[in-house]
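Each chain gets a letter, A, B and C, in the order it is written, and its residues are counted from 1.
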Amino acid sequence: MSRHRSHPRWPRVAERRASATLLGIMSPQENLTEAIATEGIGKEIFALAAKIYPICRSITGDGVRETLREIGVHIPLEVHEVPTGTAVFDWTIPREWNIRDAYIKNARHEKIIDFAQSNLHVMSYSVPVQKRVSLVELKSHIHTLPEQPDLIPYRTSYYLENWGFCMAHRQLESLRDETYDVVIDSTLKDGSLTYGEYLHQGETEDEFLLSSHVCHPSLANDNCSGVALLTHLAKRMAGLKTRYSYRFLFAPGTIGAIAWLARNEHKVRRIKHGLVIAMVGDGGGPTYKKSRRETAKIDRAVINVLRHSGLAPIVLDFFPYGYDERQYCSPGFNLPVGLFQRSKFGEIPQYHTSADNLEFIRPDHLAKSYHLIAATIDVVENDRRYRNTMPKCEPQLGRRGLYDAIGGDKDAAAKNLAMLWILNMSDGTHSLLDIAERASLPFAVVRRAAQLLHAHGLLINDIADENA
Amino acid sequence: MSRHRSHPRWPRVAERRASATLLGIMSPQENLTEAIATEGIGKEIFALAAKIYPICRSITGDGVRETLREIGVHIPLEVHEVPTGTAVFDWTIPREWNIRDAYIKNARHEKIIDFAQSNLHVMSYSVPVQKRVSLVELKSHIHTLPEQPDLIPYRTSYYLENWGFCMAHRQLESLRDETYDVVIDSTLKDGSLTYGEYLHQGETEDEFLLSSHVCHPSLANDNCSGVALLTHLAKRMAGLKTRYSYRFLFAPGTIGAIAWLARNEHKVRRIKHGLVIAMVGDGGGPTYKKSRRETAKIDRAVINVLRHSGLAPIVLDFFPYGYDERQYCSPGFNLPVGLFQRSKFGEIPQYHTSADNLEFIRPDHLAKSYHLIAATIDVVENDRRYRNTMPKCEPQLGRRGLYDAIGGDKDAAAKNLAMLWILNMSDGTHSLLDIAERASLPFAVVRRAAQLLHAHGLLINDIADENA
Amino acid sequence: MSRHRSHPRWPRVAERRASATLLGIMSPQENLTEAIATEGIGKEIFALAAKIYPICRSITGDGVRETLREIGVHIPLEVHEVPTGTAVFDWTIPREWNIRDAYIKNARHEKIIDFAQSNLHVMSYSVPVQKRVSLVELKSHIHTLPEQPDLIPYRTSYYLENWGFCMAHRQLESLRDETYDVVIDSTLKDGSLTYGEYLHQGETEDEFLLSSHVCHPSLANDNCSGVALLTHLAKRMAGLKTRYSYRFLFAPGTIGAIAWLARNEHKVRRIKHGLVIAMVGDGGGPTYKKSRRETAKIDRAVINVLRHSGLAPIVLDFFPYGYDERQYCSPGFNLPVGLFQRSKFGEIPQYHTSADNLEFIRPDHLAKSYHLIAATIDVVENDRRYRNTMPKCEPQLGRRGLYDAIGGDKDAAAKNLAMLWILNMSDGTHSLLDIAERASLPFAVVRRAAQLLHAHGLLINDIADENA
């Protein structure tokens, strides 16, 4: 096989950045990934997660409001209150639950369980109680994990009035047969459900939805991690020009997402891409669960990013169980919204236990999750169709100094091949993402090669794509 | 992940049966599987197979008539005679063959082969013969199985006039060099080909064809098993209301099926589903060979049933060799007819030998085969499209007591998931079978979950489906 | 399973050949494979490869002309000259390069490198040089293979003016620190690029392109093998009637193919099938790289042939790197042209080294490659759609003596099955290649069975196919 090898002239990152406006060929969002992926992001996300970790959240109540206030320190969050009793599709906003204190004292007046030590000790939505009970009666209100005897489980009873405590199984087994004073100083009365949203306005009304649940109490990964990551992502995007508008939604799981959909039913068709972000601080996965459409651009974008992440991604077909993608992907909406996580939910022993604490999540994992999401946004922002201006035979890349990149540039071969793939497939029917998929290359490599070819006049924007 | 867990209220089988008409949501055939799958079915099928096992059948003659009479004891069979010489497409009904006796005597007048002991000893359609022959000449008419030296093979010569005996290879090797008297007291003369059919009339003229060949002599699995199974299936269906009409056909292989198709050419388009049933008494497989259409509903129904049978099914793409599906699936008809067997034909050592006897088939295998076919019928009868009446977000299943089934009900998780899948996919384009396939669930689980959702008003019949 | 087994009457090869015109059902090209696949072909191809091996070829110059003259000894080749400076799409025909002699002498006037010994010693397109240089300067012009220290590499510098020598790394390491006289007696001046083509005229203007690069110097497999194979294939086809016209192209890689496409742009749409043939004398593969269309008939034809070759074929999806299929498959042409090789290029240690010599290629490998290409041509020539004249039920093959072939004919079972597949699938929508693919049978078996069925009136030509 004979072909010309000349001195390479692949522009370095700095060059490319500087030349972007000069060349006039790169959209403002070209360097989005780099712009939003700064150093230290993992620590910043961790710090916010740690800040909101102690708050006792539920699907309603002051814990959610306090969490939204912390988010609001970083971004101009719009907070909404939906009154108790409001009908939202098949559901009704429940009464608001708040809790001040709770404990169990034994016959010697020793506090053996104290809400102040861990808000997991009280089953969420427990009605108020203050009574002396026998061990037998107490046990009927205690939840434990016999197979993880040192951990406190997380339990809720949103729609069935009840009260309960959660404790380590080992502690349960040590309880003496005596009387106990149980106190739950909670309120369950008319109020409202609270959620927050923030819109980063892009060049178009088309939206990219990023949604995290904010209803779990002191569980670090589930979902202080997701809430903190989205907050800092929104913060970094401020001031950046983007093609899409980005809607960040912080709402209680299920009922919160349903309330938001019910109140925004008329405009959800604007959502062209979306991700539910949950449990992104552990080192597992990454896991991606496809949208119900299964081949939406968001699905293909995440999959391309994960396949080239150097990690061992898990890609799941859609199934109607999980987080709020259940609502976004219900058949009446069928929005292109997937789920991004690290470990697959329910498949780690820390899931929904007191072991999901701040030691379980790490800045480097948070940073990695952040970068993967940023890279996904980059795909969606920059995917487009070009047309090869020299479609008959290959253009002479060597003459233009495009063939072969700087020796030692480890991506050189991939970039060369990317140029050949782009030229071969840019016939008006394939976008850069199509090409990246066909060539098994990272989208970012294909995008940069396309920009280079475009700068040399070998590609033009496809007219049809302008209107797409 | 937060969701409501309430007390479950999954109806028990007995409840469901009782409530079927009260709720008015279940079609009469809803409990078809249970209605026709009674205890003891295996023994009943075995008893009939044993009854017809000794009869010497061929593609024509009194053996077929006697077999049809035995079937007629159980169901009102309609028997047809097609005269010798009748043209049926490219074929002609051959002369009728009957046999009274046959033997070989050695020089000492000892009967070394006796038709009365096994009808496999005579090659089917052997012309009459009565002569004294040398060992050399005799050997030119003897068929054996050198690799299975103790077994008698099954041989035929329908369209080439000839005579022959079949024996164990070990016996052939022991024959002395002497003269032998051979007698075959058979007749081959104008008569007719006989087949029987029975129609279970359903609510529509659309038919489900169930076809078994009745031309083999004393071979228990091939196909006394299939004939007996279909007879008892027809018997159990008597009186049941069904959507489809069920046509049971008992005909000689190849020429019988061709004759039936030639005489019913004008109405075969009524056949919407079909199965050829053969060799269903051994413990192999189960094996399913797809119809030529490959994705017909019958193909998908059987595959769903087999995949969830707990056995290790073998699913084969269509190929133009085998049983009477060759004729039903010829390109001029292209009927949606597959083949159901246990072991794949030709792949068991007993195939077409004297080892295919009553010890080779077992009541429990026959019962299992019967249940698999009954479950397939259940799929075809009950597959339909519903529409989710609450397509925007999930309906609140907990409020209706639908979420979570009785603890200890081992199918609870599958049923819950089935409900979510049905709600998510019932958008007018997916039938219950589509949903079962997508969710990797048994059709029966999906069907019962759909009935429950329908009873709670969460599903309505899809109008388009009514006309499908 | 009962079916008639009669005496077989599968015609032997000799019979079939004789009867071809008598029956009037076989196209003249029916026995193409046999006609062109004679004994001794491997030795003839090898002899020509050996003849052209010593010639110093490049992308222009007398070496190409001499090679085309050797081809012209066997077939009436049309030779074209394209002047330096001619624009061919994005490229320009370069100046013509010729070389008479080259050497390196050490300080003791000993020739340590001599072009006369191996033309690989000089980097192709080296500009003239005659100077005394230090070891340091010399080394900056020497190319070696440190990991294969005994081999001389093959290097070119077509579009960047430079000079260089190639040698064994072991020799480089032994060079003393002294002065060296380097002489390259080459010319680089206006002239022309040379290519040859030959058209075997068929019954239609539709063409099958067979293309080999002729620009490499003394590399036996790459591509004396391909050039010699195509020459003898063209020679054997002379006088044969074919459906397609066959265009044999012998052109320098890349620039030669681009020049040919530029000069024949108006008629390339005639090309219905095509193969680039390169490196066909080693025992690897066979390797097939699909055309850009991926499911073109040429792709399916080669794959059918390779799958039934008894070898371990490698089938690659198209990628935009390789030989001249890069140009044929550029998006502005998108011709159905694949690449046939034995070992995959670049994956053998001899690739582009002095070890790619006449000992590396063998007559038996060349013959095998030839037969595979001939069989591919046979598929393309003979693929057609028939209609079963008896589509309702199977026709009675036994009555026509078609069932079962001569005992001992090892292909008998495949032929029987082929007949059943053809009858079942010949409904006007499937061609013989479709059937061969579906039945997992060699096309040749299906084709012969179809001819037999056609001769017995069981198949007719499909009218739609006549116009296809």
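The rule is simple: contacts are C-beta pairs under 8 Å (C-beta built on N, C-alpha and C of every residue); 3 or more make two chains touch, one makes a residue touch a chain.
This structure is a prediction, so every number in the text was calculated from the model and none was measured.
Relative orientation of chain A and chain C, expressed as the C-alpha superposition rotation angle, is 120° to the nearest 5.
Under half of the residue numbers at the interface between copies chain A and chain B are found on both sides, making the touching surfaces mostly different. For the pair chain A and chain B, the distance between C-alpha centroids works out to 53 Å. Shared interface positions of chain B, defined as residues touching 2 or more other chains, are absent. On the side of chain B, the complex with chain A involves touching residues 1-4, 6, 388, 390-396, 398-399, 417, 420-421, 423-427, 439. Of all the residues in chain C, the ones that touch chain A in their complex are 59, 88-91, 124, 156-160, 213, 215-216, 252-254, 257-258, 261-262, 265, 292, 319-323, 326-327, 329-334, 345-346, 352.
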